[in-house]
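Take a look at the structures listed below.
Shared between the two complexes below is subunit A, which pairs with subunit B and subunit C, respectively.
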Partner chain A sequence: MLQTESTPYIFSELYNIIFQAPAYVLFLEFSLLLLVVWIIIHKQSNGEKSLSKEEREEIIRNWKPEPLVTEIDQNHPALVNNHIIDGTVGKYITVDGIKCLNMATHNYLGLEEYPKIKESAINCIQKYGVGSCGPRGFYGTVDVHLELEERLAKFMDQEEAVVYSYAFSTIASAIPAYSKRTDIIFADECVNFAIQKGIDASRSRVVYFKHNDMRDLEKKLIEQHKLDLKNPKKAAKTRRFLVAEGIYVNTGEMCPLRELVELRSKYKLRLFLDETVSFGTIGQHGRGITELLCVDKSEVDLISASLENAVESIGGFCVGSHFIVEHQRLSGLGYCFSASQPPFLTQAAISALDIFENEPKIFNQLNDTAEKVDEQFRYFSKLELRGHPISPVKHLYLKDIDDSDKCEKILRKIADECIKKGLAVAYSEYLPVEKFPPRRSLRITINRLLTEDDITNAFKILEEVSKSVV
Partner chain B sequence: MTVIKSKNNKNTGEKVGEKINGFHKNGFVNHKLVSVDETCIDKNGSIESNQDINNQYKRDENFKESFEQPTLITACLTYLGFYLLMIIGYINQLFFVPKVATEKNRDDYVPLFAAFESFYLRYVYRRVKDCWNRPICSCPADTVTLKDRVTKDYGWTFEFTGTETKCLNLGSYNYLGFAQNKGPCADDAIESIHKYGIATYSPRRELGTNALHTELEKLTAEFLGVEDAIVFGMGFATNALNLPSLLSPGCLVISDEKNHASIILGLRLSGATIKVYKHNNTHHLEKVIQQAIVNGQPNGKPWKKILIILEGVFSMEGSIVKLPEIIEIKKKYGAFIYLDEAHSIGATGNHGRGVCDFYGINPKDVDILMGTFTKSFGSAGGYIGGSKSLISFLRANSHAHCYASSMAPAVTQQILTSMKIIMGLDGTNEGKKRIDQLARNTRYFRKRLAQIGVITYGHEDSPVVPMLVYLFSKIGAVVRTLTKRQIAVVGAGFPATPIMEGRIRFCLSAAHTKEQLDYALQVIDEIGDSLGLKYSRKPRDLNQIEY
Partner chain C sequence: MIAGDHGRIKNPNSCWTESRGFYLFYFIFVTVFHLILLSLPFITTSMAWTITNLAHNISHFYFLHIIKGTPWISTDEGKHIRETHWEQIDDGAQWSRQRKILFSIPIILFLLTSLYTKNNEMHFITNFISLIFVLLPKLPSFHHRRLFDINKY
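This part shows the complex of A and B:
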């Protein structure tokens, strides 16, 4: 009853509304409707070309892919330079059957003097086997991992540490765990390749500043500050990070940490420090650059380091405050989605830490050796040395030759000739995809156990070979 | 050239309801190999025509893959349960200030973490936090010893009680049971530490290559049946640090939606365009590929190359990739295949040589074979195998080969010894025995689970067995209950899986005995009643299942 009575009423109401409304309102509404319809149709056809079936098949038939990979020249150094190492690596290294003084691999501290490390690793295999067979989340956390994390945090006087199973993936996972697409990263242009990949993975905007040039960094920070003033809303959501290395593996130089820290607090950046080389090598107790330069731990937000250099194991770790580091346990890709570190490598690292704590004199000895090398190696006639005096990694560049291809050839030849004469030095390999290709160099690493005679001998070989090759 | 014809069995549609895109929403997906005119690798790695394999597939004509869907009510309850957890979490957040660490000395900074992320971790994930990251203190073999811990503050912190619990290990990726602290693998590994030390301290391109590495590369190539192989120190990095050198902007990648995080990271770093196809759905893959070729790059140019990326056995789904069909598609359109065999190498196929072996496909039909040594070999690291030119290219351009430390000697030796055992090069049939044991365990366990009436995902022959429990809170309940009954399993929920699909994952191993599996099945049956896990509506096979 009610329905039949009210229905015509509604219709008349509608009729009134439509026909009493002004013409421009109707016109506006009609065009809006058209717009909506157009958008819907357009969206559906978006990205698809209107082609007939035959045309589509024609395109598919005609599409020719490039080969999967470009053919590599059989003379490419990566295929030709196949040095085979035999036996254990320590102060000496056997390359292609020739016993060489080792100035090429990253075992700075000469821990081969401590057989305890090997023993503990072997005991560990007898208890846990070799692999961990799972990521940390899924029964891959072995008690030794927890012990190493606790010990590392204690050693570095920090709240928390996370251990990764591979040094490359440590900083490369840590950076994208914090820095996201809308954020900005300020990084030194000589940062190592792992950091570059971490920055790429974060998809943040990146600003590179000149190597160790604080004025350049400040200039870039001021530029950014001006941009922020123009768009304060965006600036209020943009996190800023500063990424540097303690000692740059690509140059051997030390970063000016105090200045970096000043700029960090002035421009509200968070500082990530990669101590791949500086951990376990500098500072009175081997704690790295923060200890050496007496910078308070709260000034640096995150420290990452490698267990593959001074610690003589495989893996890496990050330390910092609980607030920051804990986040990586669920967001560090290389931590969550990779099998955990094989327990015996963890145990080896723990045993190395025992030595670090009990015999801090080894760091002084290493620094002394590095300084001695630094003094002598400044006097090559054809090579110039770069690197901080106490850095265990230094680079030798060719004097007066700029062409990088030519340099590469000569330096490779020098490295090969040196090996024949019983001195292992490494031509430092870089891929062409480096952001700022580093200058071609021989990389010298310093082992704590090198004596003055060894250094003089090494100098003689290098001087002789470089003279004859150049 | 090898020809493999494979298609979805026409009959299944009638048996089990509607077919959606070649993918049965409510039942099975059948592969039936119509004709297998195939060359195959024999035990010693040489390529020859193999009649055995033909017979094998005739026997296994009706092997199945299942993705049974739950009822609407379960689906609604799952969402409701999840939202309830969230609402309670929000209320909790309003009233209680958590005693978590805060950032110090960074006043007026932009907050470091997104608000939702912190909320989710503190008020949703924390409730079940005890189900993950459980410390162990033994070798992750058939059993594993958990270090007991308790929380007195609802998951904020944990304390060790000092006690230990020995559990049946259904959580570790120990498919062939090579996670051993005794036996030839461990002995050889220890010997290699004496001979080569703990690590090499140098990348492969510099002075980090020793005889073990070159031997392993040769053996891996032989094992896979390809021309050459290259090995890396970390499985995750094998994907993340090699994909970028193989791809560049202008390349198209068609990636399975369930691919692993390492692949996704590698693709992100490569700058290539990524399109995703539905999980293991070849029809959708073909549609995507056609569409992509026709449309070309956004700037109008044709794609440089198209790479299809997939996994052999998907670690969260338990499915086995439909490789024969995908190879057909690849050949038809001129695309390339990158196959990640992290979970399938060693664990599938008659000779343990992965999915190519499983289907009897010539491994050379797959352009890039990638895999890891973490799982079946009980070690660490990864490999890429393929043509000589591909591997030479990687030796020159791989990020990991150039910058990352080479594989530790003991890790390398463990792989060498276990691989030789799998290949039968040690002069025993130990490897074959392990492979058969795993296959038997897998079939038996999956059939018995179906009989119990729980929903499992994936392929009958996949040793990864996800059991669906749907509700977020049930993940925690099942993991905890099973631990009480001394069974260690892995739970996975949002965000690792869709909100709807909370699951428990069992990883089977050749080290498990029938008695151990029977015990686990009996417990699952019991808790299936008390926790309501028997969601399956498929008819149950009431006959005794033979081991």
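This part shows the complex of A and C:
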């Protein structure tokens, strides 16, 4: 009963609604209905042309696979300039069977004098084995890792520290963890390769300023500031980073940290400082450039350093406030996706930190040695010394020769001849993809244990060889 | 954070809306919201439909066309920082299945609302304006385009 009465009622109501409506309403509704139908029928366009069967086969026929291994040039520097090193690397190093004074590797503090480090590492192997078998977040955390992080934070007088398993990936992961596609990075031209890769990985816009040239940096900051004034909405969402090294491994120069810190607060930058060389070498307690130049820890947003140079272990670390460090535990790719440091090397780093804390005099000794080398090595007739006087890394450049290929040949020959005469110095190798290829040089690293006689002897050998080669 | 992927992975911010479960949830959510409105004695049927339609379109506009980026820090170095959710759907491919569905829903809801409000002029104008707000930014020609640089960065 009910149905028969209500059904015509609905239809008449529908009829009333539709035919009493104004024309524009009906028109709009009808076109919307058509739009829905069109959307349902419309096919998704991929923007790709569909190929016929012949065309597809043609493409497959023309495809030639690239060989897995290409032919290698037999004169490739990696094949030709090989040296074989025996035994432990300390103050002396055995290269190709010749015992040489070591001015080539980055063990500045001569920690081989302390057998305690080796003992603690061996004890650690007996307890944990050789590997940690997993990333930190995936069964790879051993108590020594936590201890090392705590100790590093305490040593650097910061809130927290995060330890990476490889020094290269420390800063190369830390930069892209913060700086994204829409941000800007201001970086020194001579930053090391790890920083360059970190900047690349961040996909941010990068502005390089001239090496240690604060005027150039300020000029570029002012340029950016002018751009920001034109588009304040964009500027409000853009983060600006400043990346510098404490002591530049590629030049041996120290960064003018006080000026950098001033510019940081003036232009609201976030300052990342890489202390690959300067950690454990300069400053009264070896805390690096912030300690040496008395810069407050809050003025530098993130400090990253290597455990492979002064500490003579493996790995690297970042220190900073709680926020800075915790962010990397999920966003630092080198931290998340790489197996953690082997526990025994972590233990070795802890033991090295014990020595740093108990015997801060070693840093003064290293600085004195570096200054002595600096004084003597200024007097080469064919070579020119560059680098900060207390820097443990210095570079020797050829005087009066600019052509880089010619320099490379001569410097390689000098390095080889020096090894034959019992002095190991390294020709500073760079990859061809380096952003601003540094000037060709011999890299001198200073060991704390070098005596004055050693330095004089090294000077004599280098002077003699360079005179005969050039 | 997507660990251990080999090859291309879908944008996790937009691929969850592909699932059928999402559309079931969508339908139930809107229906329940509407039924609650209808059950309130001081709201007329026309008013309930208009409120449902407006609420639906406002949330469409806010969630699909105003919020940008992803709620977490992704490993793609901020590829989607300046993209709205609508632009992230299917990596920007136009007229995909998901887009068709999300494009049609507000229109169908609008037509139903017009019917139940008996094409009353005030209701019609309000609902139509809200419909324009959710349809225009969905058009392919508005992909990555911001009128007067509103909400650009």
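Throughout what follows, the second predicted complex is superposed on the first by the 411 of 470 C-alpha atoms of A that agree within 3 Å, B and C clash if a C-alpha of one lies under 4 Å from a C-alpha of the other, contacts with A are read in each partner's own complex, and residues count from 1 in each chain.
Here is the rule we go by: contacts are C-beta pairs under 8 Å (C-beta built on N, C-alpha and C of every residue); 3 or more make two chains touch, one makes a residue touch a chain.
Owing to the predicted nature of the structure, the values given are computational and were not obtained by experimental measurement.
Student: Look at A:Q126 in the shared chain and tell me whether it touches subunit B only, subunit C only, both, or neither; answer first, second, both or neither.
Tutor: Only subunit B; A:Q126 stays clear of subunit C.
Student: Have a look at where A:L32 lands relative to subunit B and subunit C in the superposition and call it first, second, both or neither.
Tutor: In the superposed model, A:L32 contacts subunit C only, not subunit B.
Student: For subunit A, which side has the bigger count of touched residues, subunit B or subunit C?
Tutor: B
Student: In the overlay, answer first, second, both or neither for which of subunit B and subunit C A:R203 touches.
Tutor: Touch status of A:R203: both partners.
Student: Contacts for A:E312 in the overlay, against subunit B (first) and subunit C (second): which applies, first, second, both or neither?
Tutor: first
Student: Between subunit B (first) and subunit C (second), which, if any, makes contact with A:A21: first, second, both or neither?
Tutor: Touch partner of A:A21: subunit C, not subunit B.
Student: Does subunit B (first) or subunit C (second) touch A:P437, or do both, or does neither?
Tutor: A:P437 sits against neither subunit B nor subunit C.
Student: Touch test for A:G87: subunit B only (first), subunit C only (second), both, or neither?
Tutor: Only subunit B; A:G87 stays clear of subunit C.
Student: May I ask you to decide whether A:F337 touches subunit B, subunit C, both, or neither, giving the answer as first, second, both or neither?
Tutor: Both partners.
Student: List the residues of subunit A that touch subunit B in one complex and subunit C in the other.
Tutor: In subunit A, residues 201, 203, 236-238, 330, 333, 336-337 are touched by subunit B and also by subunit C.
Student: Of all residues in subunit A, which touch subunit B in the complex?
Tutor: Per the stated touch rule, the residues are 47-49, 51, 56, 59-60, 63-72, 74, 76, 78-79, 81-90, 93, 95, 104-107, 112, 117-118, 121-122, 125-134, 136-143, 145-146, 159, 165-169, 172, 178, 192-194, 197, 200-201, 203, 236-240, 268, 270, 298-299, 301, 308-309, 312-314, 321-324, 326-327, 329-330, 333-334, 336-339, 341-342, 344-345, 348, 424, 426-431, 433.
Student: List the residues on subunit B that touch subunit A in their complex, please.
Tutor: Contacts found on subunit B: 100-106, 108-110, 112-113, 121, 125, 132-141, 144, 147, 169, 171-174, 178-182, 185-186, 189-190, 193-203, 205-211, 214, 233-237, 240-241, 244-246, 260-262, 265, 268-269, 290-291, 293-295, 302-307, 333-336, 367-368, 372-375, 377-380, 389-390, 392-397, 399-405, 408, 410-411, 414, 488, 490.
Student: Quick one: which bits of subunit C touch subunit A in the complex? Just the residue numbers, please.
Tutor: 1, 3, 73, 75, 77-79, 81-82, 93-97, 100, 103-104, 107-108, 110-111, 114-115, 118-119, 121, 124, 128, 149, 152-153
Student: Using the touch rule from the top, collect the residues of subunit A that touch subunit C in their complex.
Tutor: Per the stated touch rule, the residues are 14, 17, 20-22, 25, 28-29, 32-33, 35-36, 39-40, 42-46, 176, 180-182, 201-203, 233-234, 236-238, 330-331, 333, 336-337.
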